[in-house]
Amino acid sequence: MNSSKSKTFREKLYVIIFEADTPKGKLFDVALLWLIFLSVIIALLDSVPIIHEKAHGWLLIVEWCVTILFTTEYVLRIYSARKPISYIFSFFGIIDFLSILPTYLSLFIVGSHYLIVIRILRFLRIFRVLKMARYIGASKVLLDSMTASRHKIVVFLEMILTIVVLMGALMYIIEGPENGFTSIPRSIYWAIVTLTTVGYGDISPQTALGQTLASFVMIIGYAIIAVPTGIITAEITRQSGQSSNALVCKKCKNDKHDADAVFCKQCGAKLDC
Amino acid sequence: MNSSKSKTFREKLYVIIFEADTPKGKLFDVALLWLIFLSVIIALLDSVPIIHEKAHGWLLIVEWCVTILFTTEYVLRIYSARKPISYIFSFFGIIDFLSILPTYLSLFIVGSHYLIVIRILRFLRIFRVLKMARYIGASKVLLDSMTASRHKIVVFLEMILTIVVLMGALMYIIEGPENGFTSIPRSIYWAIVTLTTVGYGDISPQTALGQTLASFVMIIGYAIIAVPTGIITAEITRQSGQSSNALVCKKCKNDKHDADAVFCKQCGAKLDC
Amino acid sequence: MNSSKSKTFREKLYVIIFEADTPKGKLFDVALLWLIFLSVIIALLDSVPIIHEKAHGWLLIVEWCVTILFTTEYVLRIYSARKPISYIFSFFGIIDFLSILPTYLSLFIVGSHYLIVIRILRFLRIFRVLKMARYIGASKVLLDSMTASRHKIVVFLEMILTIVVLMGALMYIIEGPENGFTSIPRSIYWAIVTLTTVGYGDISPQTALGQTLASFVMIIGYAIIAVPTGIITAEITRQSGQSSNALVCKKCKNDKHDADAVFCKQCGAKLDC
Amino acid sequence: MNSSKSKTFREKLYVIIFEADTPKGKLFDVALLWLIFLSVIIALLDSVPIIHEKAHGWLLIVEWCVTILFTTEYVLRIYSARKPISYIFSFFGIIDFLSILPTYLSLFIVGSHYLIVIRILRFLRIFRVLKMARYIGASKVLLDSMTASRHKIVVFLEMILTIVVLMGALMYIIEGPENGFTSIPRSIYWAIVTLTTVGYGDISPQTALGQTLASFVMIIGYAIIAVPTGIITAEITRQSGQSSNALVCKKCKNDKHDADAVFCKQCGAKLDC
């Protein structure tokens, strides 16, 4: 009897904590998002010297209150989850754990409590509260595009890496420590700053030869940004095309058909739309 | 009788002020655009110290003249509009009101008269005077592309926000106040400057670890610009395709014709649009 | 008789100067390109202080020799052109004239001889010497894409202009002259530097509010670069598609058909490919 | 007999050194990649002053060991290669030779040993060890896209070159040496820094006219990045489309199938690839 009641309580908790469809569940999620927002803002404010001096005491109290609430919530999540182990090692399970850790760590390691900004990752739950389907659809297209492009992106990054190491070493030899290129790793940092068109200007070539090579790096960087853009665009165009057609094969459930397909490309059955 | 005459006068005013098809209406619009242009230029010039010293008096007189003209025009617009209330709360109605406000406000609040540059928004009326249809078509494709992509863009911005907050906090811990990262909000500002590849160089990492993390942020920023570009490009391609698709062949129902097609490309039948 | 011989001479000159198909014509064009290259390099070198001091005399002699050669060539071009007037007012005719002007002008106006770098525009003739058709095809696709997108680009530039004027004025009010924002035009310059992600860092916001607004401008700039890219990409995709199909209607000579067209979209005649 | 045995040994060596399919061959390749990685890291570390001082001796020993190993490997490669000459003049053959050269050169020329970072190019062999086909496919699409776009890219680079030379000369005349534009080549360097949106800020315009022209260059740079992006994107879209087009239905001749299609989407017939 007790066990059954407890089970019912766990069930109720589960619906409130893990789902956002019931009024209570939605209220819980919205309250949680505000708490996360509040605790991130506090971490940001606490790092501003003038606010730290005047209000550190108050901010510390709020941080501890929020952390205790989050700890309680974490325990309740484990308690009410249908598969506690798989929750604990899920993406959000790990984030939830890491979100409460820094405050406790700050008792032993000074400064570590700034790490609570990791709570911003909990904020990704916002898509649960918003009309979810559309955003999940949008995320799916973006993630699928990136996944489908991963081989091209690895090749592209290897290309970038090779260019910046070679250019960094060349600039180190050409410009040398007297012009700010104090070591090859630092010259590689300069090459990345230049190739990505960030251009801080903290290190910049001074010699004519160095400026010529730098111009070369800039034009390469300016031109090859076209490559990842082309990769991703081609994928998104393809994914958008696929996801917008509602053609699902009744026989084999394959849902990746072109808009003009008449027969299923997997099993050859006729498609009715 | 008087009422009827007044109504005619209102009608005439309406045609002149709100339409650009009659010679008088076009003249009014062109004159208005020049006045807007003049008053924005005056606001710009008045802010230049050397001009402010020498010609502030004259510029002030012109500004007041233009403001009085704009006020008169605003009153006449309300008077002649068919639905005054809906004009007042329309986009251009609000802009027209905000455009005359700063000059009057400047009597009470010093410096507020620079806000008259908001008049630049009135300048968007220029598309009324130019051959309108093509530009409105172009704007429509751009706006529709952005509207259709809004869910993907929200997901993308949430992604950016999460990255800059996490990177900002990490850099604050790594570099610290002695290297210019005086607070987490300021470090987040640095992360935005870096991720968007702006790279002022007013704050830049000094430690080896900080430069490594910064390189990482730059490459992310350089690569993920592909994402909004991909989203918008895929949409514009689709929108451009669709907007030319009003043409459907009556014989074979083919609806994929170019905008300038006269005959169906599949069966050769004449297209009526 | 004399007239006829003179005509033959003009004809020969025409073939050498204006065409690149005969050995002599090609030799002439290649020699001309080397001369242009030489004279631009001289202008660049002459502006370097250390070279100017040591070799100004020699460089001046070379410049005058090249200019006299170019003047002779210009006179011969007018003499041998089939329609001298239309040559003079053609794109290359004007460039050819402007290319010899600065050296003569330098007799009266000091420093104006640096303008001879305009000769770089003559260098565009290089596509005549290279295997022309492919490059002209490539240029055509690029130019057609830009022409077809011009309405969208005008709308986009108007959008940019409105944003930078408003943001410039706002930053002038927020940051003020004490932080480098000395006037609204200068603040607009800052807004352009930031929006285009150039980010010199010669002017950068110092206040928290200014940095927040600047972050906003950067993210806008980072995101809306997607718009021109999307516009141009959609056009190039369309243009490439069109230009790569060799479908030309035998009846009406229309060559802009889709790759899957069976009938001419202009006259309805069947297409044989 | 001796010759036959030697041949077998050569064969065995060939399989180990040039192929990655056998366990020994894979082990050899993985060990080689780690050695390359190690030797590049050593070159980077050795350039850092503080490490150079303390550990230069040790690093030098490791460098010589690695170089001797690489030399042995190079000799064995030539010995075991089926066509030694064609290996020596292949891309990787030249890289392998250049990779051992700097260490020997450093005996005669001080500082030249930093050039061993060229070994990073040997690292491109990593795609041999990874599941190769997919990455080679991805590289192929990227390289084909660039090759197919080369005419458009040459036209685009010529366009860029013309703009930066003209703008550089104009800025030299407008701003002059007193504002950092000390020569036309340096002004061209500034124009490249600005047009590519790198924006170091080491040279930046100070006069109103210069800033206006600079704004113009920035907006051009911001807009025309769309051009290479559009070119490459259009190509990748086309290449991706083509590469999946090996599938042609034997029944209805439809050749537009996805890469994972098993049945024809038009007639439902089975596809044999």
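Each chain gets a letter, A, B, C and D, in the order it is written, and its residues are counted from 1.
Methods note: a contact is a pair of C-beta atoms (placed from the backbone, for glycine too) under 8 Å apart; a residue touches a chain by one contact, two chains touch by 3 or more.
The model shown is predicted, which means the values in this text are computed figures rather than measured ones.
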item: Any chain in contact with chain A as well as chain C; value: B, D
item: Same vs different contact residues, chain A with chain B, by half of numbers used; value: different
item: Comparison of B-D and A-D (more C-beta pairs in contact); value: A-D
item: Farthest chain relative to chain D (centres taken as mean CA coordinates); value: B
item: Inter-centroid spacing, chain D versus chain A (mean Cα positions, whole Å); value: 28
item: Gap in Å, rounded to a whole number, between the CA centres of chain D and chain B; value: 41
item: Residues of chain B touching at least two other chains; value: 185, 188, 197-201, 221, 225, 229, 231, 233, 237
item: Touch list for chain D against partner chain A, complex; value: 40, 43-44, 47-49, 111, 114-115, 117-118, 120-121, 123-124, 126-127, 134-135, 137-139, 141-142, 145, 153, 157, 160, 185-186, 188-189, 192-193, 195-202, 221, 225, 228-229, 231-233, 235-237, 240, 256-258, 260-270
item: Complex contact set, residues of chain C against chain A; value: 197-201, 229, 233
item: Chain A-touching residues of chain B, taken from the complex the two chains share; value: 151-152, 154-156, 158, 161-162, 165-166, 168-169, 172-173, 177, 182-185, 188, 194, 197-201, 204, 208, 211-212, 214-215, 218-219, 221-223, 225-227, 229-231, 233-234, 237-238
